[in-house]
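The letters A, B, C and D name the chains in turn, as written, and every chain counts its residues from 1.
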Amino acid sequence: MLNDWLFIGIFLVLAPVFPALALVIPRIIAPRKPNPLKSQTYECGIETVGDTSVQFRVQYYLFTLVFLIFDVEIVFLYPWAVAYEQLDLFAVVAGILFIFLLVDGLIFAWRKGALEWE
Amino acid sequence: MGDPITAISLWLDGLLAGWGLAPALIIVIKALLGVGALATAVLLVDIFLVWVERKVVARFQDRLGPNRLGPFGLIQPFADVIKLLIKEDITPVGADRIVYNLAPIMALATVLLLWAVIPLAPTVVGTDVNVGVLYIVGVGALGTLGIIMAGWASNNKYALIGAFRTVAQMVSYEVPMVIALLVPVLLARSMGINSIVNAQDSYWFILVAPIAFLLTLITSIAELGRAPFDLVEAESEIVAGFHIEYTGMKFGLFYAGELLHALTLSGIVASLFLGGWRGPGAESFPLLGIVYFFAKAFFLYWVIMWVKYSLPRIRIDQMLNLNWKFLTPLSLVVLVVTALLDKALVGVQPWVYVLVLLAANLVIAWVTLQILRSRARKERQRVAEPRPIARPPAAPVSSQGA
Amino acid sequence: MIPLSYFLVFAAALFSIGLYGVLARRNAIAILMGVELMLNAVNINLVAFWRYITPTQIAGQAFAVMVFAVAAAEVAVGLALVISIYRRRNTVVADDIDLLKF
Amino acid sequence: MTALQIIFLITAVITLGAAAMVVITRNLVHAALWLIMTFFGISVLYVLLNAGFLAVAQVVIYIGAISILMIFAIMLTRRVQQDFGPQTNAAWPWALVIAAALFGGLIWIFSGWGNFFTQAPVMGERADPLRQLGMALVSPEQYVIPFEVASVMLTAALIGAIMVAWERK
C-alpha cells in the first residue's frame, strides 16, 4: 500500500526540479540589465493608475461557494461508487437520495438567481 | 521477448542485489530511475508538442507552419527553447518575488505529477494507487493554485482579473468533471486508473457512457482554458490574463505546462473511456500498448485543437450558464441513470448490458437536444426583438467593477 | 515504524497553534484559518486512532469524512458572514464587530 | 530511526512550521499560502496512516476548494489586504500562555495513557479501507444517518451562505 505512494512521493520531490532547472539556466546565460522603466507594470502601454487590488464582484465568491459544497458532496460519493458491487438496494437508494439533496441546493441557487452573472 | 520493460526491471533487481543493497533500497532506487525516465520522456514529448501545435494550427489556417529548420521543421521547437532560455527575465516592480517565481514551477510540476498514475502499457504503470481518479482531481486543484499565485504575485490588475476569471472557470467546470468521472469509477468499481483500463477488457466505456465521455472532454477543455473557453486570456480585454508579466523561460513554463496539460488530459480521457493501452496484441507485446495509448491520446489532442481553432470565444455569463445550467444537471442525470441501470442489470449478458446503457444514453441525449432546441428558439426570438441602440448612462456607475 | 505518540504529539501541537491563532488574531478570516488548523488536528487524531487502535472498524475514517463536511460548511457560512459584515461596516477586525453588545 | 520515522519527522516539522507561519505572518495572502502548505503536509501524514482516500480528499477539498474560497474572501475584502500593521490583538501573550498550557496538558494526559507508544497493527493484504468506507457510509447499521445529515447540512450551509453573502441591488 505504501509502496504505491512511494512512486508519487519521489515524483513529488523530483517534479519541481525540472522546471526549477529551467529557471536557473537563464539566470546564468541570459542578460540581466534591469532598469526601473523596464520593470514597470504592463498595461497596454499606458502607465498604471491606482491600486492593483481592484474591487471584485461578490459573484466570484458565490460561484466558488456553490463549487465548494458540490465538491465536498461528490467526493463523498466516490467510496460509494467503489463499493457499488457490495451495496444492496437500500444503500443504492441512500446514495441517490444524497444526490437529490445536492440537486436541491442547485435548484435553490438557480431559483434565487445566484447563478446569474450580471 | 515481448516485454523489455519487465526485463530491464528484473535485470536491475539482479544487478543491485548483486551490489549487496537492501531490498527496500532497491525499490527506492528503481522508483527514482522510473520517475526520472518518465519525467524526461514526458518533457521531450512536451517539446515535440510545440511543433505539433504550430504545425496543426498552420494547417487549420491553410498555412505551412515551421518548415525551414530540419525535416518538416522538427528542430524548430528546440530553437524556441534556446531562444526562451537566453531571454532576459524581468520581474515587475512590486511583485512578490518568492510567490512570483514559485507559480510557473507549480504550473509545470503539477502537470508532470499527473503522469505518475497514467498507465502507458500493461507493465509501464507509474503506480496504480487505489484513489487514482481523485488524485487527478486533486493535482488539478494544485494547478489552479499556481494560477492564482501567478495572478496575485504579479502586482498587475489584468493579471489579477485574469487569475480570478481562470479560477472561477476552473472551479466551476470541476463540478461536472468530478461527477462525470464518477461514471467510469462506478462502472469499474475502482478508482485506480489501471484498474479502470483493466475493467474495459470486453468493451470500452465510451460504449456504455458516451455522454459522460463528452462531458469529460468538454470540461477538460474548460479546465485547460482553451478556446472556446479562453476568455481567461482574452487578448482584447485583459491582454494575456494571469501570465501577462511573465517573460522568457517563466512564460515558457506556463506555455509548456498548458500544452502538456492538454495531452495529459487527453491521455486520462483515453484511459478512462477509450481503453487506454488496450488494442490487439497489447497484452503480449506491452510496447504496443504505449503506441495504442499515444495514438488515442493524440487523437483526442487533435480533437481539442480542432475545437480550439473552430469555435469563437464565449462570454463569461455564457460560460457560467453552460456549466451550471446545462453540464452539471446533465452529468447528475447521467450518473443517477447509470447507477440505477447498473444495479438493475445484475447478471445479464454483457451485450444486453451494453445495449441497454447505450440506449439509455441515447434517450438522454435526445431529450437534452429537444430541450436545447426549444431554448435556442426562445433565445433567437429574444435577440431578434428591437432594442434601443445606445442609451446615456442613467445613474453614476457603481463602484463594483471588474 | 512510527508509534502512535508521534501523531498525537503532532496533533496536539497543531491544535495549540490553531488555538493561538483563534485567540490572538484580529482579522476574522485569520481566525477562521485558526479554526481550520484545529479541525485538521482533530482529524489527524481520528485517523490515527482508527489506524492504531481499531483498524478493522472504519469509524475513525467515517468521522473524519464528517469533519470534512463540517469544515466546508463552517468556512462557507463564516466567510459569507465576513464578506457581508465587510460590506456594511467596512471592517473584518473581530474586535470591532461587536454588534450584539447593544 | 527507520525511514518512515524520518519522513514523518521532516513532514511534521515542515507542517508545524507552516502552521506557525499561518498565525504569525502579517500578509493575509501569505497566511493563506502557508495554510495550503499545512494542509498538504497533513495529507502526507494521512498517506503514512494508510488513509489514501482521506489524503486525496484533503487535497481536493481543503486545498482545491476551501483555500481558494479563503483567498477569494481575502481579495474581496480588499482594504484589509493593505493592512500590514500588527495583526494580533492586545491579549496575544495570554493566548500564547493558554495555547502552551493546552499543549502541555494534552501531552501530560497522553503520557499517562497505556497505549501512548503503541505500534500500528499490520494491515492485512486483503484489507480494503476504501471499499469498507464506501459500504459503511450507506449501510443502515453504520453511518447512513450521519451521511445524509451531512448532505442536509451542506445544502443548508449553501442556502445560508448565499442568503448572507448575496444581496440583490
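One rule holds for everything that comes next: a contact is a pair of C-beta atoms (placed from the backbone, for glycine too) under 8 Å apart; a residue touches a chain by one contact, two chains touch by 3 or more.
All values derive from a computational prediction rather than experimental measurement.
A.B. asks: Which chain has its C-alpha centroid at the greatest distance from the C-alpha centroid of chain A?
C.D. replies: The chain farthest from chain A, judged by C-alpha centres, is C.
A.B. asks: Would you say B-D or C-D is joined by more C-beta pairs in contact?
C.D. replies: Result of the comparison of C-D and B-D: C-D.
A.B. asks: Would you mind checking which chain's mean C-alpha position lies nearest the centre of all protein C-alpha atoms?
C.D. replies: The most central chain, going by mean C-alpha position, is A.
A.B. asks: So, what's the distance in Å between the C-alpha centres of chain D and chain C?
C.D. replies: 6
A.B. asks: Taking each chain's centre as the mean of its CA atoms, how far is chain B from chain D in angstrom?
C.D. replies: 28
A.B. asks: Centre to centre, by mean C-alpha position, how many angstrom separate chain A and chain B?
C.D. replies: 13
A.B. asks: I'd like to verify one number: the distance from the centre of chain B to the centre of chain C, where each centre is the average of its C-alpha atoms, in whole angstrom.
C.D. replies: 33
A.B. asks: What residues in chain A touch two or more of the other chains?
C.D. replies: Within chain A, residues 4-5, 53-56, 58, 60-61, 64-69, 71-72, 75-76, 78, 81-84, 87, 92, 95, 102, 109 contact more than one other chain.
A.B. asks: For chain D, jot down the residues that touch at least 2 other chains.
C.D. replies: Chain D, residues with two or more chain partners: 4, 48, 50, 52-53, 57, 60-61, 64-66, 68-69, 72-73, 75-76, 123, 130, 132-133, 137, 150, 154, 157-158, 161-162, 165.
A.B. asks: Name the residues of chain B that each touch 2 or more other chains.
C.D. replies: Residue numbers touching two or more other chains: 129-131, 134-135, 160, 164, 167, 171, 174, 191.
A.B. asks: How do the chains pair up in terms of touching? List each pair.
C.D. replies: A-B, A-C, A-D, B-D, C-D
A.B. asks: Across the complex, what residues on chain A touch chain B?
C.D. replies: Answer in residue numbers: 3-8, 10-12, 14-16, 18-20, 22-23, 25-26, 29-34, 36, 38-44, 48, 52-58, 60, 63-64, 66-67, 70-71, 74-75, 77-78, 81-85, 87, 89, 92, 95-96, 99, 102-103, 106, 109-110, 115-117.
A.B. asks: Would you mind writing out the residues of chain B in touch with chain D in their complex?
C.D. replies: For chain B paired with chain D, touching residues are 24, 99, 129-131, 134-135, 137-142, 144-145, 148-149, 152, 160, 164, 167, 171, 174, 191, 398.
A.B. asks: Hey, which residues of chain D end up touching chain C in the complex?
C.D. replies: Touching chain C from chain D are residues 2, 4-5, 8-9, 12, 15-16, 19-20, 22-23, 28, 31-32, 35, 38-39, 42, 45-46, 48-51, 53-54, 57-58, 61-62, 65-66, 69-70, 73-74, 76-77, 79-80, 83, 86-89, 91-92, 94-96, 98-100, 102-103, 106-107, 110, 115-121, 123, 127, 129, 132-133, 136-137, 142-143, 146, 150, 153-154, 156-158, 160-162, 164-165.
A.B. asks: In their shared complex, at which residues does chain A touch chain D?
C.D. replies: That would be residues 1-2, 4-5, 9, 51, 53-56, 58, 60-62, 64-69, 71-73, 75-76, 78-84, 86-87, 90-92, 94-95, 97-98, 101-102, 104-105, 108-109, 112-114 of chain A.
A.B. asks: Considering the complex alone, what residue numbers of chain C touch chain A?
C.D. replies: 65, 68-69, 72-73, 75-76, 79-80, 83
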